[in-house]
């Protein structure tokens, strides 16, 4: 009964079916009939003309975008706990050719305009210090908080004022949207976001993520960078087909709602243990090692998260019965 | 009736089944039960202890290996028509941080020890010129020739003499082995090869290639580089499962034999038109534009390959009847 | 009356004379008779066999060393206020191809073994997090503190325990040695340091720094990297000649002692204002904006250093009379 | 009696004097009074507003410019014998983060529009092949030929048509101008050149080269890249002072004329041995090993240049008597 991570969950059956259905000869790379539908599908979803490029990992989506948004000699402002800083093996440094991450603090891995502005103000405007050129936020954050459209918009203003390009790591964008009920457009391009890593792998996909470019002028360069990074799969149709299957009838949203609902069930079992409000599909709980051990003895798997805390992650396929068992076990501690 | 490229072919049904079968919760990345079998499976196949890492594209396999074998300030000796030079968008330069490709000529995109040695001898041994540090050959070559074990061994000697690390791009390694009947060990590590990009995508796989490390000490560094390049898929079990399905009962070899047989059928139809001997699954034919047009009018698709030449590529699922039709059409020109 | 920085000071007359004396035809690059003397000269000074390569800036010295000591996918542990982090425009990221700086705190920009160890222990040992591969300290530190041989040795032990390569940024190494009276060997290779950026430009040189390699096996690779970074000057003899002039009769040490003595004179004027002990040639003083303004009105130039602090830097040619005037002016505040 | 290379020649006495004269405290880096004069001085010389940045080597000048003109995923068209390809240790790959050099042939290391156009036409316009983004020519060429303003202009047209940025490596720009008598403006920006590496080191300077930016919008980025590459010397005034000394009274032109005249004297001694016309200060002669040996026995030093050829290089300080001796010795062979 694993509550380790959503990225290890199964793919949705509709995704496997879509792969099988696309399994016939077609044009290679992204020249196929499935890939050709992505721009239009996401333009509909985001209510504006976008370019949508499939990639196979969130790290690739994030770093291809950042490489196009920040020069090698620039800095990317992000949260100290951002995935790009903590868990991508230095991939931003690789893709950008050495750009720096400029780390900013904030509760729940969320960035606030003031903190971003203050960090930028500490940089001397000379050639000796690396100048910030881009801003990257994660939505939902690494601690499961969802940005409101207003919050993103305020950061967008900050970015504009300091001439920073603006990227959103949306590995759990679906969970954020399912949580806030915001229109995807409001929390992205209308708020100043220029590129979005839209995650599907944690939400029912097999290995397809999508990089959404609201600044469509970035698309040609990123397409070259994707190939150059070895990320232009020859059977791209099987990536595009997965995504189309998840877009169909808003399956992506249904999946995210299911994961969020499971998280709420767990959060409700221990409101006083919560380290952060539960707004997506991650739950951080205060818990003694003994308590954690007793849950594990009962068959539940999860990560410790620093001293005296644990992390639980639900996913689209979290079994309601198992979730209920865990909720009861936590409540009973 | 497409004879454009094997990389656009369908995946083998057994591969799709293997993906579906692996579609349940397991440990993420390469910590799953499928990935755990790869080292042993390929160690059996190659009759020595190897490390086997899945990646999703041949470009990634090639370039991760080259980055580990050649420092940023070194050069990789390869053929002027090598895929890494011609068709990977400069990916070797990206992964190696700027290493140079040192181009050598040879008929049929094949390298010979003399030509390699002569190119190296032209380099002054000082800090002003980029020094060769690695050798990379493609087997089967970009023109469909298969290296014999003896030929690779002679290049391995050359590499050793000049202190070059030795990489083989085996995007069509299966076709080469099916052609020569050599033991995989003989044409790789026994001949001095230290890393092999073993291609499955062109031969029935969906999106899984394998990097085989005969120098197993490279594995830890390459695992880090794989993550850093955004190539550590979170559901790696679905990559490993594909490969295991293709290894099962030597399906990979059966697939390659089918592709090669189709190529022989086409070659037999026009022995006097052949630009190169047909040893794998690519056929290069001399053909006037008018002849090519008449074939296309009959429904056959393929690439022109320079002036007065065309390229046909067969694959594991080339339909025998279609192949026979094409053979007849060529013979009738 | 400038107390901005020692790097803007004049070169020592002996250095200008040495340049003029070397101004005749000789072999280009580092093949000349002056450059040929460096290894021996520094091997004498450090009481062990070293390789000594001239470069023209401290940034180049630091980053060439770091690139050889840390792979692109590794991290360099350094102080949060280290010059390589704060004032080199991201040069370490450029030279190392994207390695990360892992920032550690400590009073006076000094690193302590415990803090280094704790930072390393926070890194998970997996492919998702960048692993530390090198340690870099600055001696004297950015706040003018000198490491004792024992302190460096303890860091050397820490480095060894964690398999980190060990670099010292010695832009003000001369001032540190002049301060502690340690033998250069004791505070470097005997304490585990493998590469030292030995600064001369701030200490009477014109544009020659020296990279001292105690691990002499690094020399060939670094020589290539130096050329590749555009740092192999064609008239290297004029760099080597400067250094030899400063080594002659320990002029480098006399210069550093003069700068340190000037710093002591200033420190003595305001012991209660000192932010850090003055151990080299930098003095950080608590001072109100009004006080600072009055000093400036009296003709003294210097940097503010955060709120309520100023920085004074002395150099080999600080005029004793001017120093005394400034000391009096400070005392009189 | 060395005829190896002009880069090993002495600096002009006026240059040494200028260094000595600038040897007093001033603002560090390029904030000094000397550096501040460069933009105006070169704007005068080139009859248009330019930005002029000192650097210490030609490799740095070339590669800083190329990094600003070509993205990491692009290619730089240049001659197969260009210095950036042959003799800079892969520095363009380092500075540009992996851009490719696209090699074109042409007699005397000179590029012609047709050859450039043909090479570009061979590149498929897709993401699999590296697309050309910049053109770099050397003037005078590596074989001592000078481009006329018309020839550069024709290349400028080609560059424009293919959307290539245009760089000129002018390590021996002075010799080219001295040879053709063209106005510097006509052979550079009026012909489409956007950045010029203007060499002084081979022509009487000590260690100062200048990067001239006709596209002045590149200056800010290149200033950052210069710092990041460790090329922002702290006593930049001593670089600027050298250059101003050489500009004064057109000393640079007088020096180049002297070198060229010496070359003509040698060329005149053996018109039938010349491999290329002598238009600058390099002379390539057909010569048997025995003949070369006899010259060496007479005390003349020079490089062999392939089988049966030698290279002689004259410089601003070539002693007329020695030149005459060599001319006689050659004529007498």
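Here the chain labels run A, B, C and D in written order, and each chain numbers its own residues starting at 1.
Here is the rule we go by: contacts are C-beta pairs under 8 Å (C-beta built on N, C-alpha and C of every residue); 3 or more make two chains touch, one makes a residue touch a chain.
Computed from a predicted model, the values in this text were never measured in an experiment.
S.K.: From chain B, which chain is the farthest off, judged by mean CA positions?
M.R.: Centre of mass proxy via C-alpha means gives C as farthest from chain B.
S.K.: At the interface of chain A with chain B, does the proportion of residue numbers present on both copies reach over half, so same, or stay under half, so different?
M.R.: same
S.K.: Roughly how far is chain A from chain B, going centre to centre by Cα mean, in whole Å?
M.R.: Distance between chain centres, rounded to whole Å: 34 Å.
S.K.: Express in whole angstrom the distance between the two chain centres, defined as the mean CA positions of chain A and chain C.
M.R.: 42
S.K.: Chain A: which residues touch two or more other chains?
M.R.: 72-73, 88-90, 94, 97-98, 127-128, 224, 227-228, 232
S.K.: In their complex, what parts of chain C are in touch with chain D?
M.R.: So the residues of chain C in touch with chain D come to 2, 4-5, 7-11, 16, 19-20, 23-28, 55-57, 59-60, 63-64, 88-91, 94-95, 201-202, 206-207, 224, 227-235, 238-239, 317.
S.K.: Okay, in this complex, where on chain A does chain D touch?
M.R.: Against chain D, the touching part of chain A is residues 71-73, 97-98, 127-128, 131, 221, 223-228, 232.
S.K.: Which chain D residues qualify as touching chain B in the complex?
M.R.: The touching residues are 72-73, 75, 86-90, 93-94, 96-100, 127-130.
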